[in-house]
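These notes are about the structure you will find just below.
Naming follows writing order (A, B, C and D), and every chain is counted from residue 1.
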Amino acid sequence: MNGHSNLLNWILWMPMIGVLVVLLLPRNKEGVIRYTALINSIITFALSIVLYMKFDPTTPGMQEYFKVLHPWISQFNINYSLGVDGISLPMIVLTSLLCVLCVLCSWTISKSVKAYFALFLFLQSTVFGVFMSLDFFLFYVYWEVMLIPMFFLIGIWGGENREYAAVKFFLYTFFGSVLMLVGMVALYFVSADNPSIGQNTFDILALSGGKFTDLSLRIFGVDISFAKFFFVMMFIGFAIKVPVFPFHTWLPHAHVQAPTAISVILAGVLLKMGTYGFLRIAFPIFPQASVYFADAIAWLGLINVVYGALCAMAQTDVKKLIAYSSVSHMGFVMLGLAAMTVQGMNGAVLQMFNHGTSTAMMFLLVGILYERSHHRWIVRPDGTKGYGGLYTQLPKYSIVFIIAMFASMGLPGLSGFISEALIFLGIYQKYTTITVIALLGLLIGAAYLLWMFKRMFFGEVLDDCKSYTDMNAREIFYMSPLIIAVIVFGIYPSPILDVMKVSVGNLVSLLAKFN
Amino acid sequence: MEYTLGSILPIVLGPFLAFAVNVFLVKRWTKLGVFLSCFGMFVSLFYSFRIFKDFVFGKYSTDYYVHKVFTWFDLKAAGISDFAVDMGIYLDNMSAVMLFMVAGCAFLIHIFSTYYMAEDKRFGRFFVYLSLFTTGMLGLVLSDNLLSVFIFWELMGFCSYSLIGFYYEKEGAGNASMKAFMTTRIGDVFFLVGILAIWTTVGSVRFTDIYAAISSGAFDGLTAVGIPLATFAAFSIFMGTIGKSAQFPLQVWLPDAMWGPTPCSALIHAATMVAAGVYLSLRMYPLMELGGITTFIAYIGAITAFGAATIALVQTDIKAVLAYSTISQLGYMVLGIGVGAYNAAFMHLITHAVFKACLFLSAGSVIHSLHDHHTHAHVQEMPRMGGLRKKMPLTFLAMLCCTFAIAGFPLFSGFVSKDRILGDALVMASHSKAYWIPAFLGFTAALLTAFYMFRMMFLTFFGEPRDKDLYDHTHVEKLSWNRNVPLLILTVFTLGAWYSGNFFGAWVKVPGVEHKEWFATLIEKPHVEKFKAYKSLPFGSVDTGADRVFEESHYDPDHGMSKEEAHHVHLIHNIGAWASIVIALSGWFIAFMMYSKRSWNPGRWVNTFSGWYRALQNKYYFDDLYVKGVLQRGLLPFNNLLARFDMGVYDKYAIDGWEAVNRFFYRIARWVDNVIVDSIGVDGTGASVRFFNVILRTFQNGKIQFYFIVFLFVMVGYIWKLV
Amino acid sequence: MITLSSYLAISFALFVCGIAVMIARKNIIAILLGIELILNSAALNFAAYTRFVNHNLDGHIMSLFIIVIAAAEAAVGLAIVIRFFQIRESIHIDDATQLLQ
Amino acid sequence: MFDNFLFLSSAALTVCGALAVVLAPNLMHACTYLLTTLIGVSGLYVTLSADFLAATQLVVYVGGVVILMLFAIMLTGGNDNKSVNKFGIEKVAPMGNAKTFTLAGFSALIMALVILKIIANVNKATPKTELPPYETTVEKIGELLITDHVLAFEISSVLLLGALIGAALIARPRRREE
């Protein structure tokens, strides 16, 4: 394919156009604002589908056809450079899809609608920015700017403890990105001395490929490998976002307090930014260090899986339970990354996508239920049941819930299975013990979901639940794309695997050189 | 016979399309949906019968098979990986027989369900699940690799979950369905480990590739987590069997699975899904042998057979008796695998599927007829039945035949298959002391089986009605075709003649009668060496398997044995067969004396062995151990502790604690500040302190004009420097 | 002879007077008067330089903008003063000590 | 000759007015003196061949700003007879005392020194050229405003608008809560 396309620019700035339009609309025209946001996100989604269609799955690395490169701050060799490859494409499509659904599920927001949708579209744009940037500086800017709308969206439209959650989320991620900043700046200064780069640069592609293996640092009189030191820094930065075990505690707070749509974006997209950071930055730039720390990453991933699952089992708040299940599922992604085999990596990227759809379903469903019941207790703090007999009361809702739940626990035929099977196949080749324990995590994963389902859905209908109405047309409408995605990609995953396998394979072969 | 896509795929696609369409019909066009399900099943039955016919009556060698593959998805990237996940269809004699059995049973049960479930408010939904389940089971049988077995396996697990929880208004159904899914999933997880181990070692999970790998020694010398890899993989896969086929120690879910509607118990929890576990072990038999876990398997099977049979002795719920007898019979199959009775184990799988399906359907008709007018519930308790044979003669006939079959009476199918297993167990016991216990348990269990089955018969159909009110309200059975036809057909197939050319079973040779058992001729252990030069065909191509021309079967019970050895085996088999007959009869006799003639009082036994009785009633306390012990005392408190630690300790102190640390540092800084400033003040430099103080205070006086002056002077100074 | 210096001198006088007013007075409005003086001195400078040094009209434009800004400043400043008076009933500059807290 | 006369009279008006602003003990008077200063500056503009500026100065300052100030003075005077507000401070703010005037004089002196130093340099540096003849500048300023300085022009218009609205918003009396 010759020529050049500005499609990435369009996708990136389309939500920003939406922000402008929303801001120009009068505050009391709420309907118009909602429809503007919806139409805008649908256009963005359509553009991302066009991107998917035009994408050439045989090219490893960044696609020349879509590359966008303009000097931004030329004094420091910072460029506005965007690109797409097989790893970022599924994420872009996922983001644009989820944003459409989130706009629909935010229909019932009534508190300053204008500001909400403006911030939401702004958030969407920044997330695209993270997934598209090829310049580390640009990446960092988007990574940071993303926090601002998120902070307000949680802090203003959240639950009863929202300020705490928002501040916690902000500080946590900010801490991580500061570490990342250190790494970024260090790379910038070191890059000029590297013969194969030759100038100070933030260009991710130029930096990647394991060019900093021989450097060392002297800190407090101890020689430390440059790559290892800054890999750890970046690891923490990304790990907070994933979140990997010791840094996971922002997640339950943020997920529980955030409004439904924001929980969906948080779990569906933002967590993937962490693992995307590994795939795009940490692994390609420091392949040797990645291989060196693979064991540690695998163990951390394992802890995530088991710890998240065990904690989830004890939760009595549905949303918190699902938040912990996200911790557990992202652990699988970490395991796949740590495997550094073709199956594991592909499985990890696929799991990123699949977790995005299945967990989005779960959060949307909890949001639907919350709109009816205004609480989220499976078991209230005083020991009585919060829900009961929902199966009888809400039949359609229950069917969708079953699909989401089984997709989340990896039932074959639904999307979670293939990615998890690939991850396990990848990790088993390297770490047998870890695999066996992680599979136990899978078992617990089924346990807490089924137990929750049993407590909420079976049995006689509680008196409180008798007033709940079943899903309305709008809710069914925005659930249906996810249902279709979960089933179709469970049966036929090739549409996603085909676009990413070459890019992922490229990364795996890079890592294999240092193995 | 050449097989193309069109002649195999309808088997799976029939029920699957019925399911897919049915999902949308379930609310409005229930009747149409039900019809579609049955029709899909019929299509499936038709095609599987064609295959069955070709394989059984066609002139194929015993190791003829059809194998077609297609790529499901791949991770191929030039020069980096050529990993691809292939799916395929594998047909050999075993799967042909299995296919016919599954399709047949499923079809009949579909028909029966149109009678049984007709008044249920979720009539349509039941058929949706049933169609999906049948898809899964048929897909499993057609699978050529472990991964697709696993996929269909889990799919069936999901259907089983949904059907057990079919009456979701009841709390107990929820518990039972969760228990069933979770318990089987324990096995599934191990199964997945086994798949991973094999996939990593062999590079493929196709049965044929695994056989080839076994024969070429790919597993030799490898270990995993400290034990030989073959043992590890075999054990893991066998754990899948334990979970799915409800073997000890994961047997606890199957009795609870009776919460589901009776036809679903018949199909899923008796005939097909639970048998899939055994089917898997049979498929992977070479690996089990290589891993050296056959003794272990034999013990598990024997313990299960015996233990479940003992529990069945004290059950009063008619479905519970059948559930435990299912576990017990599955134990027999596993025992058969353990003692190397490959053929017999598979045969028992088939015969058991037929007679157990029939038993459940009969029990279903009994339950359906007994309607308590006070509680508006169907009655399942045997103590409230009795004398029903007059009111429902057809059901009585069907159930009697099945009871003869399961108890192992001659002329019936159970005798043919079960006694072969017991005979082989005895042969093994004669070779190795380790097998004495399985063999002994097997025979004891046979006695118990005969006893509790006849106990059930006597309590249900004979004697005087014990609940007169209930009996009077019971209608004389209606001759509705969709109830009777399935029962009759299944009853006919409980006869042993269908499975053996010899009414007395395989091993009793009547002089002059030719050895004609199709079953024994067809089903053979996979000879792994034959798969070395094996090639699978791509999906689109026409099968050329017929080129592997007819080859006289070398199957012969005496094949490869010395004369003395063969004689010994025959002798033992004969002993086993006669012993079985005696045992079955004595089981009948005890039951007759206790429950029909009432000469022996069962209450005496209960009093004598009251401790055992309680243990049996509590199912050997396994449920208590798992639910109360492991879950309520172990896992859940631990989880709560962990979650509380996560939010209450780790998050509160380790994370939010940073705030306190910050404040602490701030305090230190302030303290240092104070101390240093103060001490300098004390040391006589107070003037300077005051000076700075004054300056600072003056600068911070909040007076705009002052700020302005300061600003002005600074600026002036700057300009002065500049000019 | 009128030269640049004469204008600068006048502007200087205005400026110094403005400074003096700003420092000496305690009345906020009076201080605003001082600010007006200073702004005028600056504007005058621009115009003078335009006349004597570079002969294009950019200086005038600048003066014009200064007048505009002064007008705006006066408007907002007086509004604040009035508001302040409404709250504190005083226009004493030392009452405006919110910055201290 | 007329030039000189105009210059001298305007300068005198300006400087004297400014001094009077500094020294006037009454705010109202100070404001009136400011008026004279502004008129004087306007006259100076005339001598600088800045006719448009002079006009603007008259219109905006004399006609606008000073009137605004007078209004403000009148509005802040209070219409009751109390001379002390609720905080016990004199309502009519003092126009300064000896201390402040000393401080102001001192500061002004220093400023004066600095500025004189600058001006001295400037005087040496500026070349003495022939003065261009008087001509009208309105047309050229208009042209410049919509060509070279159009952005600044637009921004200042926005600024004025903002100031207008802001002033109205700030000064608007609020309804009391109770």
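Definition applied: contacts are C-beta pairs under 8 Å (C-beta built on N, C-alpha and C of every residue); 3 or more make two chains touch, one makes a residue touch a chain.
Everything quoted here is computed from the prediction, not taken from an experiment.
Colleague: Taking each chain's centre as the average of its Cα atoms, which chain lies closest to the overall Cα centroid?
Modeller: So the chain sitting closest to the middle is A.
Colleague: Measuring from the mean C-alpha position of chain A to the mean C-alpha position of chain B, what distance in angstrom results?
Modeller: The separation of the two C-alpha centroids amounts to 35 Å.
Colleague: Provide the C-alpha centroid distance between chain B and chain C, rounded to the nearest whole angstrom.
Modeller: 91
Colleague: How many angstrom between the C-alpha centroids of chain C and chain A?
Modeller: 57
Colleague: Please compute the C-alpha centroid of chain C, do the same for chain D, then give the distance between them in whole Å.
Modeller: Those two chain centres are 5 Å apart.
Colleague: Where does chain B touch two or more other chains at once, residue-wise?
Modeller: Chain B, residues with two or more chain partners: 709, 712.
Colleague: Residues of chain D touching 2+ other chains?
Modeller: In chain D, the residues touching two or more other chains are 103, 107, 111.
Colleague: Indicate the residues of chain C shared as contacts by at least two other chains.
Modeller: Only 19, 22-23, 26, 93 qualify.
Colleague: What's the complete list of touching chain pairs for this entry?
Modeller: Pairwise, the chains that meet the contact rule are A-B, B-C, B-D, C-D.
Colleague: Considering only the defined contacts, which chain B positions touch chain D in the complex?
Modeller: Touching chain D: residues 709, 712-713, 716, 719-720, 723 of chain B.
Colleague: Per the contact definition, I'd like the list of chain C residues that touch chain B in the complex.
Modeller: Interface residues on the chain C side: 19, 22-23, 26, 31, 93-94, 96-101.
Colleague: Residues of chain D touching chain C in their complex?
Modeller: These residues of chain D touch chain C: 3-4, 7, 11, 14-15, 18-19, 21-22, 27, 30-31, 34, 37-38, 41, 44-45, 47-50, 52-53, 56-57, 60-61, 64-65, 68-69, 71-73, 75-76, 78, 85-87, 89-91, 93-96, 100-101, 103-105, 107-108, 111-112, 115-116, 119, 122-123, 126-129, 131-132, 137, 140-141, 144-145, 148-149, 152, 156, 159-160, 162-164, 166-168, 170-171, 173.
Colleague: Which bits of chain B are touching chain C when the two form their complex?
Modeller: Chain B residues touching chain C: 700-705, 708-709, 712.
Colleague: Provide the residue numbers of chain B that touch chain A in the complex, in ascending order.
Modeller: 73-81, 83, 147, 150-155, 158, 162, 165, 168-171, 173-175, 177-178, 181-182, 185-186, 189, 192-193, 196-197, 199-200, 224-225, 635-636, 638-640, 642-644, 646-647, 650-651, 655-656
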